[in-house]
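Let me begin by handing over the structure; questions about it come next.
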Amino acid sequence: MLFVTRRAVFSAAHRLYNPELTDEENEAIFDKCNSYNGHGHNYVLEVVVAGEVNPKTGYVIDLKKLKKIIRENVIKKVDHKHLNLDVDFLKGIIPSAENIAIGIWNQLIDKIDEGKLFSVKLYETENNYVEYRGDK
Amino acid sequence: MLFVTRRAVFSAAHRLYNPELTDEENEAIFDKCNSYNGHGHNYVLEVVVAGEVNPKTGYVIDLKKLKKIIRENVIKKVDHKHLNLDVDFLKGIIPSAENIAIGIWNQLIDKIDEGKLFSVKLYETENNYVEYRGDK
Amino acid sequence: MLFVTRRAVFSAAHRLYNPELTDEENEAIFDKCNSYNGHGHNYVLEVVVAGEVNPKTGYVIDLKKLKKIIRENVIKKVDHKHLNLDVDFLKGIIPSAENIAIGIWNQLIDKIDEGKLFSVKLYETENNYVEYRGDK
Amino acid sequence: MLFVTRRAVFSAAHRLYNPELTDEENEAIFDKCNSYNGHGHNYVLEVVVAGEVNPKTGYVIDLKKLKKIIRENVIKKVDHKHLNLDVDFLKGIIPSAENIAIGIWNQLIDKIDEGKLFSVKLYETENNYVEYRGDK
Amino acid sequence: MLFVTRRAVFSAAHRLYNPELTDEENEAIFDKCNSYNGHGHNYVLEVVVAGEVNPKTGYVIDLKKLKKIIRENVIKKVDHKHLNLDVDFLKGIIPSAENIAIGIWNQLIDKIDEGKLFSVKLYETENNYVEYRGDK
Amino acid sequence: MLFVTRRAVFSAAHRLYNPELTDEENEAIFDKCNSYNGHGHNYVLEVVVAGEVNPKTGYVIDLKKLKKIIRENVIKKVDHKHLNLDVDFLKGIIPSAENIAIGIWNQLIDKIDEGKLFSVKLYETENNYVEYRGDK
């Protein structure tokens, strides 16, 4: 079994906020991340595909193709955007790194047609990252 | 001559927009960076102080002190903030990396009392950074 | 299943030395790492917690809380210390990266109360790192 | 269970090309990577060994020994070489990152005598890497 | 004075070889870098432009424009190429990092029309880089 | 003018302590860095040599030679050592990053015979580094 990883970067704003909670509760839970006008990050995304090597190409999946799939289905929708306001697949979701990673997984799961989506890693800062491997 | 550098990181949102221009001009100049709801970055700041070594301490400037100066005068004001809306020292200024670096220089120039502020470097993404060395 | 990682850094001295072996044996096994007065590293620690997303917060575990748990139970005890001499949880143990990682795991295992401690990674240099996932 | 990783770097040229395909097919599949005179990379290799801690040393495997095994069996054969032309263990193989990782695994699998080879990771660029964990 | 830096990456093969020297002399001087079939690197290029901030844009130079200038005049000519054989502006030149940096400077010097080209930095490996600031 | 940089890494222990001060003064000035049994770092050293390109080689200075000069005159003396106790050229000096950089400069200044030593940069942690350019 081989795992192939493609990295991409996007810059986005977000605000952590649960509309079902009071302002005080939001402040208590999300602290600085609840700042009213939002803040932002350079998110680093790693998409891992697992599979066998195709003997014709030496590839599990052509990384040029994977790059394009990631660009069309994720980067174009989140790069230089506000994750709470501008992104259809995150509407109504608290845009924590965890929820963004799950959202990205769902964007990609049906688009990978060589190998199989194995993992989505998302670095929010140099000190924080999350990994989602699907819900099976 | 010795140069001592302290690095700090902050996460902020911004939007590039010149209110004296039309929407079309802003769009043409700032493109993705003009996205209406803003986007964001993990900014990496490097503050360089030049000076002589103090023989009592072996330091040009005590980096614990420099860290505190940077935190009080810069990081507290910009971290987890929206640079267009929340930051007094950037009010009315297009928050390009260049202008943020100049703003940070102005916040720090009178606070460094050992050695002399030499340079402010600001990384906006892994591909873009600016350096300001004052206007002399 | 989601994996959430928090990174922290500490600077410490150590000496690799097994008191049950002769000086010659220690020298033969540990070589440079056996240098009598010790040497040191900037250790990079990554703590991985696995769990489900809490729908109220979007978090597996609040990273501010995880940061505090790591600081109180690990960083305060090892940062700017000599690992052979100053650290209670490493007393009598050869402070190899492997053993430090196991020691850190044991410091944290009972303190994580959201999600479950999954892995402790410890980078000793840019070329060497270890990962411990518990003994089950 | 502990995982110990040793990192090494090598600089090599290669060309992606399948001799059983026409020039047009090669061009269509491999694009820039099919450039006639080859191109190159600084490959970053990570070799992961899994095992128990030896109580005498605190090591899963002595990293000085692992470093030497990697140097003798891999680095000496690929560093500053052309992977299509100069490397015996890649003869007749399309030198994609996937196939190089498998080739390196096969070079190492019988040489690791403390712990067990667990994984070979190979970074081709800062955006692409593969991992091979054997074929069991 | 402000300095604005744009980073770009390219992957290329090269061979260090002076045709005016004997094989023995080439071997003695260039050692591994003289390997007959060439080797390669992921080169990291940083282009530094110095200038004043344009008050209309907040930019010294629009980095989207600088990115395009670098892509058209440098990256397209060297990425996935063999520097000895495929690159017009390096014909007849020993492609050491020094000479590549000078060649890139000459490609860019007349194309930068906002601010002034200040420096070209070229990282050949993580341990080696050069900087050229023109010949004045 | 060209600047050529070679990077090297060493792991060492140190303690910041001025024997002419009282324990209380040392504690007040050096804080954590004054910890009695010492602590340590993975120091990253960058040595910058300035000069003209030698047309015979394409080099300012052969980096293999520079690497050897750095290894013989610096790395062998400081790697896996205690900087207060084991290093002749730091005897009687407070081993702050500043003073170590000056010490390294003095070790190298007479050994560089192609080009001219321009700068010694020393990274103590990912957040702190110093640069020394000699005392002219």
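Going by the order they are written in, the chains are A, B, C, D, E and F; count residues from 1 in each one.
Basically, a residue touches a chain if its C-beta (ideal position, glycine included) is under 8 Å from a C-beta of that chain, and two chains touch if they have at least 3 such contacts.
This structure is a prediction, so every number in the text was calculated from the model and none was measured.
Enquirer: Please identify each chain that touches chain D as well as chain E.
Expert: none
Enquirer: Repeat of A-B among E-F, C-D or D-E, where over half of the residue-numbered contact pairs coincide, is which pair?
Expert: D-E
Enquirer: Determine, using the mean of C-alpha atoms as each chain's centre, which chain is farthest from chain E.
Expert: That would be chain C.
Enquirer: Looking only at residue numbers at the chain C/chain D interface, is the share used by both copies over half or under half? Answer same or different.
Expert: different
Enquirer: Nearest 5 degrees is plenty: how much rotation brings the CA atoms of chain E onto those of chain F?
Expert: That pair's rotation angle lands at 120 degrees.
Enquirer: Could you give the separation in Å between the centres of chain B and chain D, each centre being the mean of its C-alpha atoms?
Expert: Once rounded, the distance between the two centres reads 41 Å.
Enquirer: In whole angstrom, how far does the Cα centroid of chain A sit from the Cα centroid of chain C?
Expert: 28
Enquirer: How many angstrom lie between the CA centroids of chain B and chain C, rounded to a whole number?
Expert: 34
Enquirer: Going through chain A residue by residue, note those that touch at least 2 other chains and give them in order.
Expert: Residues 126 of chain A each touch two or more of the other chains.
Enquirer: Would you mind giving me the full set of chain pairs in touch?
Expert: A-B, A-C, A-D, B-E, B-F, C-D, C-F, D-E, E-F
Enquirer: Applying the document's contact rule, which stretches of chain E touch chain B when the two form their complex?
Expert: Touching chain B: residues 1-8, 53, 56-60, 62-64 of chain E.
Enquirer: What part of chain F is in contact with chain C in the complex they form?
Expert: By the definition above, chain F touches chain C via 9, 11-14, 32-33, 35, 37-42, 79-82, 85-86, 125-126.
Enquirer: Enumerate the contact residues on chain F facing chain B in the complex.
Expert: Listed in rising order, the residues are 16, 18, 21, 29-31, 93-99, 101-102, 126-133, 135.
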